[in-house]
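Please go over the structures that come below.
Here come two complexes built around subunit A, the first alongside subunit B, the second alongside subunit C.
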Partner chain A sequence: MSTDRFDLAIIGGGPAGLAAASMAFACGLNSVLIDENPGLGGRVFHGIETERDVSILGTDRIAATTLARDAREAATVLSGHSVVDIVRDHEHFQIKTLHGNELRSASARRLLIATGARERSMAFPGWTLPGVMTAGGVQTLLKGARLVPAGPVVLAGSGPLLLLVAVQLLRHDVPVAAILDTTPIANIRRAMPRLAGALWSGSVLRRGVGLLASLLWQRVPIYRGVNTIAAQGDGSIRAVTFKAGKRTHRLDCALLATHVGILPDIQLAGLVDCQLRWDASIPGWTPVTDRNGKTSQDGVFIAGDAAGIGGAEAAPHRGRIAATAAAVELGAIAPDEGDRLVTLDRKKLRRLNRERAFLDTLFFPSPDVRVPQDDAVLVCRCEAVSAGCLRALAAADVAEINHVKSISRCGMGACQGRVCGPLAEETLKDATGRSAEAVGTFRVRPPLKPVPIGAYAAFASDDPPAEARFLYTADW
Partner chain B sequence: MPLELDLPPFRCLESRPEVSISFEGRDLRVPEGISVAAALLLHGLPPGRRSAIGGAQRCAYCLIGQCFECTMTIDGVPYRQACMTTVEAGMTVERQVG
Partner chain C sequence: MPRGFDAIVIGAGVHGASVALSLSRKGLQVALIERDRLGSHASGVNAGSIHHIPRIHFELPLAEVALRSWEQMNEWLDDDCGFRRVGYLRVVTREHELPDVRRSMARVQRYSNIPEQLLDRRELDSVQPGLSEDAIGGIWAPSCGYAVPAHTMNALRRNLQAAGTCLFEGARVDTIEKAAGHWTCVSNGERWSAPILVNCAGAWGAAVAGLVGERMLISPVALMMTVTGRADRLLDTVLGLHGQRLSMKQPENGTLLIGGGYQGAVVSKDWTTRLDPQRLAYNLALAKETLPSLGSVAVVRSWAGIEGMTPDHAPYIGPSLTHDGLWHCAGFSTHGFYLGPVTGQLLADAIVSDTVPDLLRPFALDRITTLGPQSPKADIASPAA
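And now, the complex of A and B:
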């Protein structure tokens, strides 16, 4: 198998990766842009390349169309390729991707991880029932396949995306029965001192106010201070029960969309062994980077939400800065030229950070959202490990998360702890009072996705230095 | 395996050319270019595995390739993510235990 060689491999085709690709090209680098979706755009601009009528998209989606088109001209684009392993081979990174049922490989001198964020999960009784989805997932169906649920839909959780999805569904005549707001009331008081700084620095806040007004105008019931959510139903969800204040409510619904914020996707950073730190403001694990997105691993840069949640508006600036730093490292441009290229990006980022600080404080998830309250609730959906099981281990002083994994199988399924990781960490911290650092986070093991044995065999026959770990056996 | 088909079907906002896929022996007409998960939701079918522990029917949860609840056997290959796989004419889709 011939391996294509590049100066820079950018993984992730969201705003950070797209802007990085164009900047890398401007700096004279030969780069490859890899994304597992069929088209470019990432999460926020998912489906942008197949959107029928660009004129109705609104200004930022039109700008994103340009971003994607420019990136296609600037880099070799591998769409529909999931990065499943990366190994260092002298001066190069060997990147293995899974494309359909086939393994491919590419090599590059520098890595730019721009894999974005994933949604934090909220676990409650019934959350594994068909008809319970993440709000981002429901939105992805709308953006990509142009699909909307039948409704009535209930949305539960906290954060700007929750309101956005509610308004997007209403716009397409999907009945929204209610919004169950889990934002702790005390957050509002804590966030207020940061309001003034945030007001004119970014657009999320202003848009958020607009969304809220739209929901009030359309008389969507919003319950505040919600807790004790449970999905009811047999084959699929039929209703949701919850507490707001002292009262218990029950609402019929056909879909429950939950959202309690997003976390950096640390899968690739973990795979290449970048140092992580606990960021108490999200709260969650975040890669350690300098102001250019350079990590603790030589030659590895991270940009966009994968480097810590900064939001969609900040992502392209962070992508440009990291691509420029990679170009400086490769000697393609001089350091002072690099600084000059990203002066405006840095200025914009400083402004956006003020808004981020406000949003992080306002939407800081409450402990009862982060920790499943009921012992019977599954934390690990793949291996069906309950919160009670984790608490029993914690009581026996087993609370380091990789130790817990080997005993309970929590995090050993196909998702490799992407969903249960944060829930398990919070449950163990809560049960033992230990720090995030003491509990730790799941070690990432290749391949990142199940690789069909046939694909491995075909790959290995072309490419002699086969690595036995590519066989997917025991853990799957 | 019995079909528990009680998800209210999703609806598609666009009319696109259609292709046929086969889900456990039934023919489904679906818009081209959408994911297998979207195609099944459109027909009120839960795109998802059956839990190896307890056998419960699961359904696509994250739709962005993270949760692996949507893993199915597609064209004979198990553990394919229905939310990340685009439909193709003649594709066969089956549920798996996993």
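And now, the complex of A and C:
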């Protein structure tokens, strides 16, 4: 097993990582771009390198194709590599990746995390039934595997992605039975003062209006102020029931796609011990970074949604800024040269932030989508831990999430808390009235993805490694 | 004014919790003071092996009583603590180790009544199918097994509550004073006082002893553990490897726990731990070599717990050599969990009667406060000024 050495390792081949790779090259860095998918593009531009049809986001996807092509020329690209562990070894980060069933290793002097966002899970009665999935998951199947689901589909939740997936499904002739909008009515009032600024600054909102018009044109029923969603069925979903206003509805469906917003993917940040803070505007845990994406850990930068939700349009700017900062730290370019390189990026970001403030306010998830209301609902599906079980622990004053984990096994299954973490945190906060800081967040343990024991075995030395020496001391 | 108690126990690991519970049940008012959270270090995150360590002859009589105590955990804690008597199989893969295997078994037989059988290859297969072709035999100890540490610590927490023990978590004792026959422990301005003080601080045991000027040799180490996703039933026993570092088991939920005493690193600044990828990979390679069907099972998580090692890898248990009213119970050197409940009960008896029972006598502090020529290689740092 050989280890390749680089100046900079960029993890994540979405818009932030792609732009960072090109900028790193422009600054003279030898960088590696590591991504778990077969092709570049990340989630938002999934399959960009192989796709021919220009979809609804036409211009964007063409721009992304260019980003991907440039990145391939700018960096060593390791596609199909999942980062499973990172350890600091003096001046280098040793990055362990799983490629197929094989462990590989790369080393770099600086780390740029651009792993984007993950979808917030929504737990309600029946959410573990086959046929219930996240809207992002449906989109990935459509874009990546070209799996067109059988309809009728009901989409439930809040946010622009929901509308986009609905339109994409309709384009594939999948019947969309309804959209269940859970956006709290009060959010609209709160967001309005920010509307004008948002309209001028970004494109998400304008596109959203376009999507909405398209759905109305195709007469897709949209229910507003929806709550108390439940998936009905035995073995797989058959129907969804919900309340809209005072009325209870029931719609037959074969697929229920939910989306209640996205959260920064903090797995890698947590793994390398970057300081996190609770961002009440998402709401969720976010790495602490300066304006360049530099974290509390020396040599670690984060860009794009992984550093706090900023959207796909902001991501390339954030990627370029962070890559430039890494280049300055490595002495590849002078600080004033770095400032000059990203002047335009900073300007663009300031404008996009205005739209972000509007979107965050409008789509702020209400407590009843963040916290499972029914005690019987599973929070951790891997280990079958229910909301009621977490509330019982909270009542017994066990509410720090890692303590809850050790007692209940919540978050100990195959997903290692990636799906249930935010759900469990919100449930515990709701049950105790404690702050996010008091409840905490799951400690991240390697490997980040399940790794076969055989892969470790192939990685191991033949002889027993030297044992650590003991240090007897009273100085603690 | 400090809050007055009959006894203060420092450290809410399995030992501190067991001592505190036993003292409370004897009618003493007990303060149990913990720097982090009850069971948050080695006691709650170890692999839960319940078996003796044949190497340490003077621990074997205590081990025998400890093994029985796990069978009776229901009577003590109203909870079985996940104990399962699945037996302990130490596989032998190297012919030249057979004399050592026999010596080890003779030692166990001489110092205890713990049953052990030497198995040949055919018998090995009937106890544990699927072992490597290299396995030539093994030592089979059917009265051993495993328990679930997090489950055990939670049962202790419930029983402490019921017994009226005052548990103070998140309280690191910075100063210990003695005046007029009373110990006063101070943590961040809070004060507790009692005539009896018990040091159950585990890896921090030497540091606590240092606060009253007593010297103990305990080296904190980070022991790495790995757990897999749920797998088909591959392992029926607690499995070890003679002469090499390996320990694995498959509890009822189907996940496999793999360890064996491989060290990561302790970051003393904030008492976090770091894994050592080379040692971890070796540990897993050895597991696969011993049970080849493990190769395709996926690891989901590795972690390390902080444990206190002594020079002869046996704990310090007994009264202080320098102070009246002070007792130590620390440095269990990776095999503290299975000894914890019974040691706690015995030590509570010893404290109340002021007589050390025979079972605990060999662990007295005068055993090693300096490193002898037979001790493992070690660095000694000078205590804090």
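Heads up, the rule we're going with is that the second predicted complex is superposed on the first by the 455 of 476 C-alpha atoms of A that agree within 3 Å, B and C clash if a C-alpha of one lies under 4 Å from a C-alpha of the other, contacts with A are read in each partner's own complex, and residues count from 1 in each chain.
The rule is simple: a residue touches a chain if its C-beta (ideal position, glycine included) is under 8 Å from a C-beta of that chain, and two chains touch if they have at least 3 such contacts.
The model shown is predicted, which means the values in this text are computed figures rather than measured ones.
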### Message
With both complexes overlaid on chain A, does A:Phe459 touch subunit B (first), subunit C (second), both or neither?
### Response
second
### Summary
The chain contacting more residues of subunit A, comparing subunit B with subunit C, is B
### Message
Contacts for A:Val87 in the overlay, against subunit B (first) and subunit C (second): which applies, first, second, both or neither?
### Response
second
### Query
Which partner does A:Ala414 reach: the first (subunit B), the second (subunit C), both, or neither?
both
### Message
According to the stated criteria, A:Lys96 is in contact with first (subunit B), second (subunit C), both, or neither; which is it?
### Response
second
### Task
Check the residue A:Pro450 against both partner chains and state whether it touches subunit B (first), subunit C (second), both, or neither.
both
### Message
If we overlay the two complexes on their shared chain A, which of subunit B and subunit C does A:Ser406 touch? Say first, second, both or neither.
### Response
second
### Common interface residues of subunit A - those touching subunit B in one complex and subunit C in the other
413-414, 450, 452, 454, 476
### Query
What residues on subunit A touch subunit B, complex-wise?
36-38, 43, 50, 52, 80, 82, 100-101, 118-119, 128-134, 136-138, 140-142, 144-151, 172, 235-236, 254-255, 381-384, 413-415, 418-419, 449-450, 452, 454, 476
### Task
Would you tell me which residues of subunit B are touching subunit A in their complex?
4, 6-14, 31, 33-35, 38, 41-42, 46, 48, 51, 53-54, 56-69, 71, 77-81, 83-86, 98
### Message
Could you list, by residue number, the parts of subunit C that touch subunit A in their complex?
### Response
37, 39-40, 44-45, 150-151, 154, 204, 206-207, 209-210, 215-221, 227-229, 244-245, 253, 258, 263, 265, 268, 272, 274-282, 284-285, 287-289, 294-303, 309, 311, 371, 376-384
### Query
What part of subunit A is in contact with subunit C in the complex they form?
85, 87, 94, 96, 273, 400, 403, 406-407, 409, 412-414, 416, 445-447, 450-454, 456-457, 459-461, 464-465, 467-476
